[in-house]
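Pasting a structure here, questions to come.
Chain lettering (A, B, C and D) follows the sequence in which the chains are written, and residue indices restart at 1 in each chain.
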Amino acid sequence: MSALLSVSDLSKSFGAVVVADQTSFVVEQGAAIGILGPNGAGKTSLFNLITGALRPDAGRIEFGGADITGVSAAERCRLGICRSFQIPQPFGGMTVFENALVGATQGAGLSGGSAEIHAIEVLEATGLLPKANIRAGALTLLERKRLEMARALSARPKLLLLDEIAGGLTDAECGELIETINRVHAQGTTIIWIEHVVHALLAVVQKLIVIDFGKKIAEGEPREIMGSAEVKEIYLGMDPDA
Amino acid sequence: MPDSLLALNALDAHYGDFQALYGVDMSIERGEVVSIIGANGAGKTTLMRSISGLTWNDPAQVVFDGQPIGSLRADLIAGLGIALVPEGRQLFPSLSVEENLVLGGKTGRSGPWSLDKVYDMFPILGERRSQASTSLSGGQQQMVAIGRALMANPDLILFDEISLGLAPVVIGTIYDVLPGIIGEGMTALLVEQDISRALAVSSRVYCLQEGRVSLEERTDQVSREDITEAYFGATAA
Amino acid sequence: MSAPAVTRATRASRIAMLVAALVLAMLALAPWWAGRADMRLMGEIYLYLSLACLWNLMAGYAGLVSVGQQAYVGFGGYMLFALTVFGGLHPIAAIAAAGGLAAAVSVPVATLIFRLKGAYFAIGTWVAAEVFRLSFAQVSALGGGSGSSLPVGIVRSLSSSRSGREALSYWLALGAAVVVIGTIYLFLRSRRGLALTAIRDSEAAASGLGIDIWRTKLEVYVVTSALTAVVGGLIFLQKLRISPDAAFSVNDWTAFVIFIVVIGGIGTLEGPIIGTLVFFAIRETLADFGTIYLMILGAVAIVVMLKAPKGIWGLIRDRYDLELFPLSYRVHYEGKGRKGS
Amino acid sequence: MIEWVNALVQGVLLGGLYALFAAGLSLIFGVMRLVNIAHGDLIVLAAYIGLSTTMVLGVHPFVALLIVMPVMAAIGYALQRGLLNQALGDDILPPLLVTFGLSVIIQNALLEGYSADPQKLNGGVIETASISLGGLAVGILPLLTFAIAVAVIAVLQWVFYSTGLGRGFRAVSDNQEIAQLMGLNKAHVFGLAMALALAVTAIAGILLGVRTSFDPAIGGGRLIFGFEAVIIGGLGNLWGTLAGGVILGVAQTLGAKIDPGWQLLAGHVAFLVVLAVRPNGLFPRVEH
């Protein structure tokens, strides 16, 4: 396997608040990685840095072997990096189908009928087809989260970044979500997933990275990481013996 | 409950066009310390906003000291004696440390707290009183945020995620002063994701899950299993 | 299940297109049925309608809230005069050339004023318009600060008879409105239009989906400015006289246009059309009360903005879920796709 | 040579007037992120209220300030509470459109009330008096205008950074929601800020009216001068606004020295150059 994404010594701070502190890691082609950490640890900022919504103060990001540190967010999407937003940002005045069509035409570069077919396929895969003609602004929160993933998928990403999409789902819904993500992964898409719902995460990823205060504090095999006392204390805020 | 200082009655709250709270009932008695726990998105912050008046509700859904305040403006609620230590501290960057504290006392309510008393409790703030609040460390900023709320001499103080983004040793320092604050006769409501800290300082706990109360219990009677179940949902453990 | 199909037209839109075609045919025949004064008024309506649609594309879709589009109205007017008087061009060729020149000029202007954000961008566009006004006031060959009239020979080159000129001028105005609305409609229906609508709803998400926001906005600004200059040329072809103050009037070419769009409904194609009709209804009804109508218009715009920010068309659309221009996509599958049509 | 020095001095002094146009604009942008398109028309309104006051009471325009300032402040407070507060929010269009509408209403109301004829405030001997400074004859009125501008900005600076009112302004500017939790009524604080801004506008309007003739249509131009001074100086910096006004004034008088028709153009060009080279202005406030 070759490295698809390689992040080295990435740093970013806003005044006194450090959101990335010399973070380095490598994501192999075809991997599925989970990112854990308490609120405010810098997880979403890390996504912003990878997608180009934020510029790092220092460090380097490589994608598919090429340096993309100075490349715009739009260009990174066309290269194949696409993300869902933790706080959903639907195109509220457009229908669900049109939301997906934006990704299919702009991100994946499809046109005409093939873009429409792709958008419909994505909606079908994410269970949103019955809502295709609804204005995205009228969706419930859960549907918006699903739309976030659908829209990211519609751009045909090589690397899919998912930001907290399982929170608040029922068990059945969560199961469906896991199935969808696993299917996307099986089709060859590399995945990085930030999630608090640990059991969902563990059903998908082969590796976990834990960050706190913008710093990577652990990386490794999921069971091992979840078993470590340090992670339990930092992440759940529970004393191991409580 | 006859002596409840704060009562939430079937509180529904919306955040944008999304409903964040569904029929939440709560009752906090005078002098109690109650903690509220729950996963991200469970509705904790919306609850704080509803109580402090940043989100408007039906008048009778929030009752403070016998008075319906659900649709009262935030500045008027502040005047009635509710103060919030907000998530992420939210100091005023254009104001010095001392100006932040003085502004906290804007409501003019009388009580035990004053600038001197805040400086006694957090001596470092006295030393840095004329500095910009943004030049302080995260822990010191949290002290200013707490001091700012105390300056209002509130009857009810709300703490929203005060350990968020702070190093463990700093969290320890902050929690060490809480008993002293509450000892002054204040009632406190504590939203916290650091569950063991929350349970240690409070007498009762509510857990929120997807905008509904999933657990209400005395802290000395609650088990870790109860919490895990209420926190993550039935089959997550 | 049968494969889902995607359509764009609705019954309402088909009827609307049919009605529009009939109305258009009737309007095109106006020189044979309308009086001279009515034709002048209708010509003015078409030109205001064009300005409103253009400003709406820029502000309502691309988020570029400009209060300086009089820059291009005046530019187009002055180019008509300059290119016909000094360049010897036919007026219609001059107006077309004015559009091209405005596009070229708008690029450096955009690179400067795009540095300003939000409301400051708005006032920055006004400054740009002032620079245009003062610059043209310096050109003594075009009459300097007091302006000039279009020479009789050039006016005659349009048509030798007065009624012929009036008919031509009317058709040009009608044609401009059709071209402007048609261009905007086709643009919004295209992939780029989809991108633009996405930018309107969320810039963060749009750029994350591969849309180059700065470039898209620049394209809109350039196209809008070019067409605005064409409309400006036609306005002064009707007036036959130009001066810096008239050509670059912020009230005439921007304030009223904004009021029209907001009253009708910003961010929709239908809104400016309705707004233009309302504007002229108010103006013609209150014409005898001098400037009072301007004050009433300002007040109406304020009230609409605060009480019904989506405008008249927004109210209608929310109530009846109508769409006259088929821009939306509708997915049909297993017979459930008619939802919302 | 001496002519150029003279032009320079006149430009600096003219900058004082522009700083007064800008100060109110800067203040309300700083406190509530509102850009007021009607600002120039409010300056002209103040001049007309001054005109009526001098005519009815027969007082000097500067004495009329005792009436014009409170009247403008009251108008400001009422406008803010009654209208502008409803327009504030994340979307920039409502405040822009509402103040644009206000601008059209004020202009046409003045036109109805006072006609389009140019008017002037009679300042008496002060208009022509001058003192000699190293061979230059410097007018008392421009000198006074500049001194008043410096004083007004010093007072605003003091209010902003050393009073409880200013603390409220800064707190609301930083974070509206949290400021309300401190017991500040946002609507009232905004009203006070607009009242203060329009009190400054009153001073600007009277000085404008004594200096030159005015008519109902000139508001737009005054708005632009004020806006340019704010941007040249850097957003959120009151002394920077004074510097911005001075740069604008100097550019205009030097431009006029070359060719009388270039006065305004030179000012706009100076603004565009600053925008191209230093888009955040020459003295932007340092964000913490």
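Going forward, a contact is a pair of C-beta atoms (placed from the backbone, for glycine too) under 8 Å apart; a residue touches a chain by one contact, two chains touch by 3 or more.
Fair warning: this is a prediction, and the values are worked out from it, not measured in the lab.
Novice: Pick out whichever of the two, C-D or A-B, is joined by more C-beta pairs in contact.
Specialist: When C-D is set beside A-B, the one with more contacts is C-D.
Novice: On a CA-centroid basis, which chain has its centre farthest from chain A's?
Specialist: Greatest centre separation from chain A goes to chain D.
Novice: Would you mind pulling out the distance in Å between where the CA atoms of chain C average out and where those of chain D do?
Specialist: Spacing between the chain centres: roughly 33 Å.
Novice: Taking each chain's centre as the mean of its CA atoms, how far is chain B from chain C in angstrom?
Specialist: Result: the chain centres lie 53 Å from each other.
Novice: Let me have the rounded angstrom distance from the C-alpha centre of chain A over to the C-alpha centre of chain D, please.
Specialist: Averaging C-alpha atoms per chain gives centres 49 Å apart.
Novice: Mark out which residues of chain A touch at least two other chains, giving numbers and ranges.
Specialist: Within chain A, the residues that touch at least two other chains are 15.
Novice: At which residue positions does chain D touch at least two other chains?
Specialist: Touching at least two other chains: 288.
Novice: Which residues belonging to chain C are in contact with no fewer than two other chains?
Specialist: none
Novice: Looking at which chains touch, is this a line, ring, star, complete or other?
Specialist: Its topology is that of a ring.
Novice: What are the touching chain pairs in this one?
Specialist: A-B, A-C, B-D, C-D
Novice: Which of the residues in chain A end up touching chain C in this complex?
Specialist: 51, 53, 72-75, 77-78, 82-83, 85, 89-95, 97-99, 101-103, 105-107, 109, 111, 116, 120, 123, 129-130, 132-134, 151, 155
Novice: Inside the complex, what are the residues of chain C that reach chain D?
Specialist: 59, 65, 67, 112-113, 115-116, 118-120, 122-124, 126-127, 130-131, 134-135, 137-138, 250-251, 255, 258-259, 262, 266, 290-292, 294-295, 297-299, 301-302, 305-306, 309
Novice: Give the list of chain B residues in touch with chain A in this complex.
Specialist: Per the touch definition, chain B meets chain A at residues 17-18, 39-41, 88, 134-138, 161, 163-165, 167-168, 193-197, 210, 224, 232-236.
Novice: Write out the stretch or stretches of chain D touching chain C in their complex.
Specialist: Contacts found on chain D: 34-35, 37, 83, 86-87, 91-98, 100-105, 107-109, 111-112, 220-221, 223-224, 227-228, 231, 261-262, 264-265, 268-269, 271-272, 275-276, 279.
Novice: Considering the complex alone, what residue numbers of chain B touch chain D?
Specialist: It comes out as residues 52-54, 73-75, 78-79, 83-84, 86, 90, 92-95, 99, 102-104, 106-107, 132, 134-135, 148, 152.
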